[in-house]
Amino acid sequence: MQIGFIGLGNLGTPIAENILEQHNQLFVFNRTAAKAQPLVNKGAVLCATVKELAQQCDVIFTMVSDDAALNHITKSEDGLAANMKEGAIHISMSTILPATAIYLDSLHHVHRNIYVAAPVMGRPEAARAKKLNFLVSGKPVTVETITPLLTAAGAAGVWNIGTATEAANVAKLCSNFLIIAAIEAMAEGINLAQKSGIDATAWMNMITSTLFASPIYKNYGNILLQQAYEPAAFSLKLGLKDVNLINEQAAEKNTEMPLGGVLQQQLQECVNKGFGEHDWTAIALALK
Amino acid sequence: MQIGFIGLGNLGTPIAENILEQHNQLFVFNRTAAKAQPLVNKGAVLCATVKELAQQCDVIFTMVSDDAALNHITKSEDGLAANMKEGAIHISMSTILPATAIYLDSLHHVHRNIYVAAPVMGRPEAARAKKLNFLVSGKPVTVETITPLLTAAGAAGVWNIGTATEAANVAKLCSNFLIIAAIEAMAEGINLAQKSGIDATAWMNMITSTLFASPIYKNYGNILLQQAYEPAAFSLKLGLKDVNLINEQAAEKNTEMPLGGVLQQQLQECVNKGFGEHDWTAIALALK
Amino acid sequence: MQIGFIGLGNLGTPIAENILEQHNQLFVFNRTAAKAQPLVNKGAVLCATVKELAQQCDVIFTMVSDDAALNHITKSEDGLAANMKEGAIHISMSTILPATAIYLDSLHHVHRNIYVAAPVMGRPEAARAKKLNFLVSGKPVTVETITPLLTAAGAAGVWNIGTATEAANVAKLCSNFLIIAAIEAMAEGINLAQKSGIDATAWMNMITSTLFASPIYKNYGNILLQQAYEPAAFSLKLGLKDVNLINEQAAEKNTEMPLGGVLQQQLQECVNKGFGEHDWTAIALALK
Amino acid sequence: MQIGFIGLGNLGTPIAENILEQHNQLFVFNRTAAKAQPLVNKGAVLCATVKELAQQCDVIFTMVSDDAALNHITKSEDGLAANMKEGAIHISMSTILPATAIYLDSLHHVHRNIYVAAPVMGRPEAARAKKLNFLVSGKPVTVETITPLLTAAGAAGVWNIGTATEAANVAKLCSNFLIIAAIEAMAEGINLAQKSGIDATAWMNMITSTLFASPIYKNYGNILLQQAYEPAAFSLKLGLKDVNLINEQAAEKNTEMPLGGVLQQQLQECVNKGFGEHDWTAIALALK
C-alpha cells in the first residue's frame, strides 16, 4: 500500500513524519516545495504535482488550509479525484464546511475512488507526542480501513461520529466552537478579576483544579495569564476562518448561534488590530 | 464556641446538617420557620429572630438568596452587625456583589465584630457528599480561624483568594460566569450538531473524554443531551440574578464583557418563556 | 429600443407595469409563467425562455430573488450574457453581494454586452406611486443612458453612488442594514416602554414628530405599534437573506459589524418560530 | 411666583438663561459656584445652599448629572423635599431611572410638596434656539401648571406621556436608546461602505434625503462622516451612563434588549480607549 501526503504546514509536517516512521515510504507534495525538504531528508519521495502523487498512491492524506485549497487540489483536471486509482482513498484532515465534504465525496464517487473525512484535533506538539484525536465518519468499511492509518499518523484516539460523510466535519466545527468559546470566557473572567483588583491566578488555580480540571482550561488558562500569545500554535486568523465556517453552517441550517456572532466580532477586531498571526488566545486583546 | 446558621434553603440545609453533625449544637433561623423543622428534628435550636440568634453565637453562617436579603439581616437595628458579640464572626456564603461585601465588612467593623466572605461552589448533592469548594478572602487570621469550620460545613477544598474583603466574591462571580458560559456554548454546539443531522452524543462523548474532560462539561453536557431541566439543582432565575451581578460588576469596573450581555439575554428570554424555575441548563431552550 | 423584464414578483410586477405604460412594448419572462399573465393582459410579450428574451432586447431589467437566481439566468449557456446583443444593457435591480456584481460584470464584458447595478429601494406601493429610489453605479455613460429608463420604471430619485461596478450594491446593503437596525431599535424601545407600563404610542408620536421625523420611523413605527405584520410588504425571510449578505460582506472586508450579528440572530429566531413570511417588522416577535 | 434653578452645566445654563429672560428673577445654585457667575452677571440671585434656595422658591428646576446627584440634593436633611414650601413644585429635567422618580415623588409627597418629571431632549444649541422638547408626566393639574414654565425654559414642544410619575423618564430612556442605536447603525454602515471602497458620503446623502430624512440621521450622520467628535455636545461617558440605565430598567422589567447589550459594550470600549469626553458619536471609534 502506497501512501501520499499533501499539505506540509505546521501540523501537516509532524503528522507526515509519524506516517513515514511507520511505513518507510511516503509520497509528498506541497505547493511550496521547500517545505517538503525535511521530510525528503528523512526519506520521503517528493512529487512535482498533485497528479503525479495521485497516480501512485492507494491512500492520500490531505492537510490543507481551507475549503478553497481543498477544492482546488481535489476537483481540478489535474487533481485528486480525476487522477487517483480506482478504489483509492482520500483522507481529508482539514477543518472545512460540511457541504464541501458532501460535494467532494460525490466528486470522488463519480471517479470511483473514495473520500473520507478525518479532521484532526491537536496542536503540533500533540502530533509529535502522538496524542492527536481524529474525528471520522462515513461508510463503516472505510472507517475500519483507515483507523490503523490514523493511529500511524499519531492518533491517541479515533472517534467515529457516524455514517454520514460530513458528520466528522460538523463535529470538528462544534469542537472548535467550544474551544474558542472557552478561551473567550476565560479571557473575560480573568479580565474582570484583574479589573476588580484580585489575583486572577489564585482564582484560575482553584477553578482549573476543580470544576474545570481539563486540558483546555489548564493550558489556555496559563497562556492567558501569562499573555504568551506568540508564537502561535494555532493562529488567530485561522480561528476567525473557523468561526466564520461555524456561523456559515449555522445560517445554512437555520440555527441560532448567539455566541458565534460575538466570537466572530472579537476575532475580527483582533485581526484588524494586527494580531492575526498571534495564537488564537490573543482574542483576549480585544478586551484591552 | 456557639455556632449559628441563617438561611435554610436547598443548599443551606445540607450545609447546616453537616455542621450540626460535627458540633452537636447549632442555632438556626429561617424567615419561613417551617423549613427549619428537619434541622430541629435533628437537634438544632430554633431562634425566633435574627437578633436572638446573633446574641448567642460566636460564629454565624449566612446563606441567603441575594444582596437585599443579606443587607436586610445584617444592617437593620435587629440585625447581625448591631447584635453580634464583640469579636464574633459572620461567615457569608451567598453570591453577592463585591461592593456589598465591602459595605457589610465596614458595618461589622463599626460594631467590633467580623465579616468574612466565603461563597460556596457546589450543588446540594455535593454538600451532602461533603465535596463543596469554598472561596475565602480577608485577614489571614480570620481565614485561618474559619477554615476548620468550612471543612465541618462540607468543604473538600478551601481556596484562599487574597486579603481583600471582597476577593472571594469576585472569584465566585467569575466562576459562575465560566459555568454559564460553558453551558451556553455546549447548548449552542449540541443544537448545531443536531440541526446538522449528526449524533450529538457521539461528539460530546469524544470532547468530554479528551479536551473537556472536566466535571462541568461531563455533568452539564449530560443534562443538556437528556434535556433533564427539572428538577432544578440551581434555578435559571438565580442564574439570571448572578449574570446581572456579573454585568453590574463589569460596568462598575469599566470592563468589557461581551459574553455577559449575550448570557443575560438568553437567560432573560427563558425567564420570560416561563422557565425561571428550571435548572439553569435550560438556557438551551432559548435556542428552540 | 426593445426592453425586456425578468422577475415578476411582488415588486417586479408594478415596476414592469410602469415601464410598459411608458414604452408600449415589453418582453417579459418569469420562471412561473402564470405570474406574467397580468402583464400579458396589458400588452406585454411573453417569452418562453431567457434566451428568447435576451436575443430580442436592447435593455433588460432583472429583478430576481437572490445571488443564485441572478447567477443562473446570467451565466448559463442559455442565459443573458451569452445571448444578449452586442452592446445591450443588463440592468440588475436585485439586492446582491458586491462580489457577485463584479463577477457578472466581467462575464458580460467577455460577451461584449453591459452589466449595470441599479438596486431599488421601495415597497410595491411605492412602485405603483412611482416613488421608488434607485441606486446606480458604473461607467458614467451607462448610468446616463439608463437614467431615463429608471425614471420610466417608477423612480422618484436616481442616486449615482460612484463609478465602481458594485458601488450601488454596497450602498443597497448598507441601506437595508440601517432600516432593519432602526426597526429592531424601535421594537426594543416600544417593548421596554410597554413593559414599563407607559403608553408607547404617546412616546412614538413625540419621537417621530421631532428627532425621528422620517418615513422609516413613522411607517414602521406604526406597523410595530399595531403589530400589523401581515401581509408582508417585504418578508422577514428576505430580510434575513439580506442581513446574511451584509455579514458576509463585512467578513469579506474584515469589518466589525456588532449589530449585524444581533440582527441575524433575531431574524433567525423569528424564521425558526415560523414568521418567515411575515413582514420583516415581525422581528419584534423575537422579543415576546 | 419665585423660581429656582439647580444644576448649571452645559445644558442647564442656557435653559436657566431662557427662564431668567422671561421672569426677570431667578434663584440659582450650583455645586461649583463659579459656574453660576454668567447667570449672576445677568441678574440671577446666587444661593449658598440648596436649603436656602428651597425655602424661597415656588418652583424649582433641577438639571443634575445622575440619579445619585439628584437623590442627594432632594432627600438629605438640607435638601429640597424637606425644605421646600408646602405645595411647591420640583421640576426634574435629568435622565434618571424611573424607580428613582417614583421614590423621589413619594418623598416629596411626605413633605407636602410636589415632584414632576420633565426630562429634556436637545443639545445646548437647541436650548439657546428655544427648540427643546420636554417630556412630562404626572397629575394633569401639575402638568398643566408647569407647561408655560417649560415654554419659558426653551420648549418648542411639551409632550405629555401619561399620568404615571415616571412615564416621562421611561420615554426619555427609550428616546436616548433610539438615538444611540441610530448612531451605532450609521457608524457601522459608514464603516462597511468605506471598507468596501465606496463613497460613504454619496450613500448617506441619498439615505438622509429619502427614507431617513430626519434631524438625527442628518446631523449625526454629518458628524460621523467628518469624524468631528470634539467638542462634545453630549459626552460619550454620559451616553454610557444612560445606556447602563436603559439596561438596568430592562433587567428590572424582565425585558430582552439585545441591542442594549451591544451598545453598552461599544461605549465601554470607547471609554476604556480614552474617548469618554468625546461626543457620543465617537462610539464609531470602537470599530477602528
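Just so it is clear, A, B, C and D label the chains in written order, and each chain counts residues from 1 on its own.
Simple rule for what comes next: contacts are C-beta pairs under 8 Å (C-beta built on N, C-alpha and C of every residue); 3 or more make two chains touch, one makes a residue touch a chain.
Bear in mind that the values here come from a model prediction, so they are computed numbers and not experimental data.
Each step here moves to a touching chain, and the least such steps from chain A to chain D number 2.
Greatest Cα centroid separation from chain A: this falls to D. Remark: among chain pairs A-C and C-D, C-D carries the greater number of C-beta contacts. Each chain gets one centre point, the mean of its Cα atoms, and the points for chain C and chain D are 39 Å apart. Taken residue by residue, chain A touches two or more other chains at 254-258, 260, 262, 265, whereas all remaining positions touch fewer.
Partner chain B is touched in their complex by these residues of chain A: 98, 121, 133, 135, 137, 157, 159-162, 164, 166-167, 170-171, 173-175, 177-179, 181-182, 184-186, 188-193, 195-199, 202-203, 205-207, 209-217, 246, 249-250, 253-260, 262, 265-266, 286-287.
Taken together, the chain B residues at the contact with chain D in this complex read 244, 247, 251, 254-258, 260-262, 264-265, 268-269, 271-272.
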